[in-house]
Amino acid sequence: MLFQVNMTVIPPKDMPKEQFDEIKATEKKYAEQLQQQGIWKHLWRVVGQYANVSIFEVKDNAHLHEILMGLPLYPYMEMTVTPLCSHPSSIH
Amino acid sequence: MLFQVNMTVIPPKDMPKEQFDEIKATEKKYAEQLQQQGIWKHLWRVVGQYANVSIFEVKDNAHLHEILMGLPLYPYMEMTVTPLCSHPSSIH
Amino acid sequence: MLFQVNMTVIPPKDMPKEQFDEIKATEKKYAEQLQQQGIWKHLWRVVGQYANVSIFEVKDNAHLHEILMGLPLYPYMEMTVTPLCSHPSSIH
Amino acid sequence: MLFQVNMTVIPPKDMPKEQFDEIKATEKKYAEQLQQQGIWKHLWRVVGQYANVSIFEVKDNAHLHEILMGLPLYPYMEMTVTPLCSHPSSIH
Amino acid sequence: MLFQVNMTVIPPKDMPKEQFDEIKATEKKYAEQLQQQGIWKHLWRVVGQYANVSIFEVKDNAHLHEILMGLPLYPYMEMTVTPLCSHPSSIH
Amino acid sequence: MLFQVNMTVIPPKDMPKEQFDEIKATEKKYAEQLQQQGIWKHLWRVVGQYANVSIFEVKDNAHLHEILMGLPLYPYMEMTVTPLCSHPSSIH
Amino acid sequence: MLFQVNMTVIPPKDMPKEQFDEIKATEKKYAEQLQQQGIWKHLWRVVGQYANVSIFEVKDNAHLHEILMGLPLYPYMEMTVTPLCSHPSSIH
Amino acid sequence: MLFQVNMTVIPPKDMPKEQFDEIKATEKKYAEQLQQQGIWKHLWRVVGQYANVSIFEVKDNAHLHEILMGLPLYPYMEMTVTPLCSHPSSIH
Amino acid sequence: MLFQVNMTVIPPKDMPKEQFDEIKATEKKYAEQLQQQGIWKHLWRVVGQYANVSIFEVKDNAHLHEILMGLPLYPYMEMTVTPLCSHPSSIH
Amino acid sequence: MLFQVNMTVIPPKDMPKEQFDEIKATEKKYAEQLQQQGIWKHLWRVVGQYANVSIFEVKDNAHLHEILMGLPLYPYMEMTVTPLCSHPSSIH
C-alpha cells in the first residue's frame, strides 16, 4: 500500500551543531535501512528546500505511522501524508 | 532530470460524456507511450480524488513543458510542478 | 484500516431538481448498504453545511478509492481523505 | 450532542522532557476517564502527525468547553471544533 | 445554547429578479418569526457586504441545523457556524 | 455604532504565571466596567478556544480604537474588527 | 470618520458591452458627486488591476453601508472595508 | 508617483521597553519630516491594530525602497507595497 | 523603473477557438513590439502553466498600467505586479 | 536552463550584528562570482522587502540545488523555485 509523504526539516535554533549532525547521521542510517527493506521506496530532494518527497510502501496505516514516528528527525519536521493507489493509465 | 507533477482533472461541465471519454482515451494512450519511453516514470492515483501524483524524467525544463502541453486533458487540469534532485540519504 | 473522509456537496446548477433527487436517493441506498457492511462506520452531518464527516473501515487504499468513486454523488462533491490509526490513549 | 474536535500538540520547546511526559501521563488518564464516561466517544491518531481526531458527546456547548479547558495538554494544543448532528442517510 | 452564524449571500446569476425578490421576502418573514420566538437573537448587517452576523439561541445542534436548512436563502448562502458559551468576564 | 471584535489571547511564554494572572484580573475589571457603561455590549467565549466574540457600541472609530488599545491584554491578543449596521430584516 | 475600502470589479460574463458601459458611466457620475460632497475623499487605481483603493469620510457605519450599496457597480464588485482613525505620528 | 504601503508593527519580545520607546520616538520624527516634505502623503491608524495605512508620493521605486529601509521601526514591521495610479473617475 | 508582472491566462469557456486564436495573435504582435521598444524586457513561460513571468521597464506607475490595460488578453488574465529596484549585490 | 528563485531573508534574532554582517559580506562575494560566471543572470531587490527576485541559468536541477545550498545566507532565507522555459512570444 503506497503513501506519498512530504517532509520539511526545520532545524532547532538552540541545538549545538554537533548534536544535530548526530541526529541527521542516525536518520540517514534509518532511511537507508528502510530503503533496503523496500519500505521507503523513493526518496528525492526538493530543489532549493531542506525538504524531500518520499514514497512509502507499507502494510497499513498503523505501519506507516510507526515508521514516521521512528524517524530521528521527526520532532524537527513538518509532514503531509497522501494515500495513493494504482492509476488506471499506469503500465506498471 | 526529475520533476514531480501533481495533476487534478476538472471535467468540463458542458461537454457531452462521449466527447470527454474520447479525450480520456487519447490521454491514456499518450500516457502509456510516455511511460514506455521512460519519461513518465511514475503515475499514481490520489485516493478519493480525480487527481494523480506523477514523476517525470526529462532532458530539461522545455522538454517537460512540451510534454505537459501535449496532454490531451491539459485544458481540463490544474498542475503543480516541483523540480527534484538526488537525496543524500537515497541508496539509489 | 480507518480513514476520515469529509465530503461537501456542491449541487449542479443546471440539473433539474427531479434528476438530482434521484441521484441523492441512489446515494442514500448505497450509503446504507456500506454502513450495513461495516465499511462506512460513521456518518454525521456538519451543522449548517451540506457536508458530512465520515469514518470508513477498509481493506486498503485501493478499497477506499473504489468505494468513494462509486458514490453516485461523487461528481458533485469535494473530498478530503485523512488516514487514521489507533491512538495510544484510546480505551478501544 | 456531538462535536468533532481536532487537536494538534505543539510540544513546548523549553520544558524538560520529564515534566512534559508527566503532563502527557495525566492527559492519558483524563482521556481514559472521559472515554469510560461515554463523553469522549472516539479518539483516533492522525497518521504521521502528533494530532488526533476526536468525537465528543456532551450536554451542551458549555459542557464541551469545560472539558476541553480541563485537558492537561490544552496550553500546548491547537484545536478546531465542529458541531455535528444526525445525517439523514445514517442507519444509526 | 448560543451559536454565532455568519451568512454571505451569493445571488444566483440566472434567476429572474422577481423570483429572487420573492425568496428574499419569504426569508424576511421567516427571520422575523425566529426573532420573535427568541431563537434568532441578534441579526446585524456587515458594512459593505451582502452578509450578516447572527447569534442563535437553540436547544441543540440538531435544532440549529434544522433552522438553518429551513432558510429560504440557504441554497444561495455560504455559512460559518461557531459554538459559543458564557465568558467568565461577562456581567450577564 | 456597532462593531464586532474577535479577540484571541496568545499567552506570553516567558511571563511568570502570577504576573499574567494579575493582567487578566485587571482585564476582567476593565471589561466589566465597559459592559456596565453599555459600550462592551456582548462578550461570549468561543468553545474550545482562548478567544472571544464581542460586540461594541461606540461613538466612532477613534473611540473603539482607544478602548481596544486600553485593554490590559492587548499586547497578548490578535484581533479582527468588523463594522456592523442595522439589518433590514432585524426586528430591533 | 474614515474608512479604507478596496473594490475589485468582476465584469459579468454574459452582459452586452453596451449595457455594462452604461452602468460604468452611471458609476462614474455617482463617484464624482460623492467626491464633490467630500465623502469619497480619495480614489486611486491599483496598477495592473481592475480595482481601486478608496478612502471614505462618513458620518457612521450605516452611512458608509448606504453609500456602498448605492454604487451602480456594487453587484459586480468584491469589497474589503477597514475602519481607520487618526495616527499619533500624523501631522494632519 | 503614488504607492500604498501597509505596515504592521511586531514589537520585539526581548527588547527593554525604554529602548523600544526610543526607536518609536525616532520613527515619529522621521515620519513627521517625510510628511512635511510631501513624501509621506497620508498616514492613518488601522482601528484595533498596531498597524497603519500609508500613501507615499515618490520619484521612483528606488526612492520608495530607500525611504522604507530608512524607517527606524523597519526591522520590526511587516509591509505590503501596492503601486497606484490615477483613477479615471477621480476628480483630482 | 522595473516591475515584475506575473500573468496567468484563463481562456474564456464560451468563445469560439478562432476568435480566441485571433486575440492571441494580436497579443503576440503587441508583446513583440513592446519588447523591441525595450519596455517588456523579459518574457518567460512558467513550465506546465499557461502563465508567464515578465519584467517591464517603464517610466512610472501610470505607464505600466496603460501598457497592461492595453494587452489584448487582459480580460482573460490574472496578474500580480511587484515593484523592483537595484540590488546592492547585483553587478549590473 | 532557467529558474526563477525568490528569496526572503529572515535575520536570526540572537546573532550579534557583526557576525551577521560577515555572513552578508560573504554572500555578496558569492553572488558576484555567480553573476560573473553567467549563472545568477538577474538579481533584483523587491521594493520595501528584505527579499529578491532572481533568475538562474543552470545545467540541471542538481546544479541549481548545489548553488542554492551554497548560499551563506541559506539558513536564514525562505525560497520559492519556479522552472521557466522559452515563451513563444519572446523575441529573444
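To keep things simple, chains are lettered A, B, C, D, E, F, G, H, I and J as they appear, and every chain counts its residues starting from 1.
Here, a residue touches a chain if its C-beta (ideal position, glycine included) is under 8 Å from a C-beta of that chain, and two chains touch if they have at least 3 such contacts.
A quick note: this is a predicted structure, and the numbers were derived from the prediction, not measured.
Engineer: Find the pair in G-H, G-I or E-F that has over half of its contact pairs, by residue number, in common with C-E.
Structural biologist: Residue-number overlap above half with C-E among G-H, G-I or E-F: G-I.
Engineer: Fitting on CA atoms only, what is the rotation between the copies chain C and chain G? Please report it in degrees, nearest 5.
Structural biologist: 145
Engineer: Centroid from C-alpha atoms only, then distance chain B to chain F, rounded to Å. What do you get?
Structural biologist: Distance between chain centres: 51 Å.
Engineer: Just how far, in Å, is the C-alpha centre of chain J from the one of chain A?
Structural biologist: That pair's centroid distance is 27 Å.
Engineer: Give, as an integer number of Å, the spacing between the C-alpha centres of chain H and chain E.
Structural biologist: That pair's centroid distance is 40 Å.
Engineer: Using the touch definition from the top, which residues of chain D touch two or more other chains?
Structural biologist: Residue numbers touching two or more other chains: 2, 45, 47-48, 61, 64-65, 81, 83-86.
Engineer: Can you identify all of the chain pairs that touch?
Structural biologist: A-B, A-C, A-D, A-J, B-C, B-I, B-J, C-D, C-E, D-E, D-F, E-F, E-G, F-G, F-H, G-H, G-I, H-I, H-J, I-J
Engineer: Spell out the residues on chain C that touch chain B in their complex, using ranges where they run on.
Structural biologist: Contacts found on chain C: 5, 12, 14, 61, 64-65, 68, 75, 79-81.
Engineer: Sort out for me which residues of chain A touch chain C in the complex.
Structural biologist: That would be residues 1-3, 60-62, 64-65, 81, 83-86 of chain A.
Engineer: Which residues of chain E touch chain G once you look at their complex with the stated criterion?
Structural biologist: Counting only chain E, the residues touching chain G are 11, 13, 45, 47-49.
Engineer: Given the complex with chain H, which residues does chain G contribute to the contact?
Structural biologist: Those in contact with chain H are residues 2, 4, 27-28, 31-32, 35-36, 42-48, 52-53, 55, 82-92.
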